[in-house]
């Protein structure tokens, strides 16, 4: 190979910075585009229209929190990397594909509101498969970084460890919810909401922040 | 804990940089998406259509300035932080949720233009609750940063101090406008406009810039 | 003032970096959102529909190049700044308002294609006033930076000097085109196109690049 | 010239950083906006509607991968640059124009699904010309950087070399597909998909990653 290890590392680091910038962009856009599909849908009085749309708001919230959790995990994984390589960049692209696809099933759920149960089933299933793919691609990126020793020495970032600890539960519930959604679409949405909350909230850190006196701060990030 | 304080700070700083990048992305997108909901609405001559839409333009302007003020306050708060922690990241996510939701009530106001008073009431109330939530989440982030000593030593950034000084007035007017909007929706929009101007304009700095001779520049940022 | 000059400069520099990030975001989104309003409009064969839409493509191209020119001028102005102050941040916000509003008149022009001459007049006039406002706000930011000595010592960036040199001509043609557009909307669009090309193309640098032998490169940026 | 070589380089480097930020923004937005044009289109049962839309999904995937490949090549070219000059900035703007235009033909393909063959021909041809333009502008930027010696000393980045190696094949297939698309639009879409895969996948690196034992990692980025 023509370029030596030193140049390689510099370049890998530069590329990592741009991969983060591009990923932050895609994640920020996907999370913000979700709002475009909220709408007051006739019939009914304005207040009824607004309130009757609660599944659309719930789907919006679930998608927002799911992308937010993906951003936190991505940020935390990337923080831990020394550099990235060419294959990691492509895995990242697939991860971004799954995230930026999510507004589509979210919109389908909103549209399926007053349609047939079969519309709801299709919408909820596509939603479930998409969030499952997002989580699996994060796991694949983490595993690849481990295998190729892209990570820095030292203990993993707490959010990364959290994401890894919660992975099995999240995937199991996702699989269950996808199956359940074929019968009871609304129950599946509630389960996706529960997983999003489970992924976003750092339970131990919140517990410590509540118990601890303000003066003792700084002992946990 | 496995990682020492030094690594922790480095990571917290890295994370802060990406939190800023992600937040800048979401705020920039939310503020720019607002334009998608402007439209010339029949009936009437083209000029009449364009001019008759003034509440939609006003709502656009209010939303633009409100997000702009939120960006300035966020930027100024974040400038003052040494690092961020895991809970701060989640508070930031909730703040971004409230900001990126704002285009929806803004669109509702534009759509309610030639509809019933009840449409306008719903639209204006949702708008008011959203801008109130944005402001309260900024206050929560500031208070949390204070409590957990995430801030740098030294006096706060002037824009941050300004935001804190103006907070009580803004929240009070927001609460009043939400109540008033149930009776007089257009008056509420005008009040939201007034608060946005109040939050964006740094009165003292403007006053000094006008009074001061150009040569004396540099004494106030 | 509580914070000394040193802290102030550090903060002004940090804020400048985030102002650039936020502005890049808004400009990038505004320039990319333009594509959402392109559409094949019946009636006619598919090819006829595609080709008949040429004013919409022209408006798209003019808006794209106008925002591109604004980005180049903004980048070049910001490069030359030592730091930014609070009032500059607000001027920048107004500049972003004018840029992010531009997709609306661009859409109006596309929609006015097969409508009355009066629709076209309204659309073209709003477009002209918006691009004029963008240019004037850039001039205001440059003048304010000069007055408050925010600029670095040394000669201005070549693109900034170029933008200043071309300002009078651009504003004069904009004013003429706004007046002319009330009679001949299509002529006005062509003039806006000419100004966009005039602003984007660095004639001297292009001339030198063509004349110069490749080996002599590096003498002009 | 008033400013010396040193200032020039610093400015060229600053400008390069903002060119990357702006380009990342446009590319991230273009790749994420694609999702807005996915839709379930009547008639048929919900599942039929969802599945029947496969050409729209394929076009989405092709456009996503094509923009992803363009981002990887752009990132890799930019990594290799010492600084950028004024003409390079404008070439970059044209490149961004071609990328941000791509969502329009992608939407045309989705819309042409159940329309006449002639709609499909127009949509596929515009798509092909756009992706060809993107690739040619990347080649022009690479050639210009070479001619003006904007590149760093040393061997090119592997992804850049890859992009250059694959350029001729990609352009040849694009030209063939544009011609073929006039007769067989669906075959052309499949060819664009094949080129996107060909451009995105780093075959040698993947081969080495598969063959190599995990422990031997680090010998190839």
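Per-chain numbering from 1; labels A, B, C and D assigned in written order.
Methods note: contacts are C-beta pairs under 8 Å (C-beta built on N, C-alpha and C of every residue); 3 or more make two chains touch, one makes a residue touch a chain.
The shown structure was predicted, so the numbers you read here are calculated from the model rather than taken from an experiment.
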Note to self: Relative to subunit D, which chain's C-alpha centre is the most remote?
What the structure shows: B
Notebook entry, point to check: Taking all residue numbers at the subunit A/subunit B interface, are over half used by both copies (same) or under half (different)?
Noted result: different
Note to self: Between subunit A and subunit D, what distance separates the C-alpha centroids? Give it in angstrom.
What the structure shows: 25
Check: For subunit B and subunit D, what's the span in angstrom between their mean Cα positions?
Finding: 35
Next item on the list: Return the residues of subunit A touching two or more other chains; collapse runs of consecutive numbers into ranges.
Entry: 21, 25, 28-29, 33, 36
Notebook entry, point to check: Once bound in the complex, which stretches of subunit B touch subunit C?
Noted result: 20-21, 24-25, 27-29, 31-36, 38, 40, 45-47, 50, 61, 64-65, 68, 71-72, 75-76, 78-79, 154-155, 157-159, 200-202, 205-206, 209, 214, 217-218, 220-221
Notebook entry, point to check: Which subunit C residues qualify as touching subunit B in the complex?
Noted result: 1-3, 7-8, 11-12, 14-15, 18-19, 21-22, 25-26, 28-30, 33, 36, 83, 85-87, 89-90, 93, 96-97, 100-101, 103-104, 108, 111-112, 115-116, 118-119, 121-123, 126, 147-149
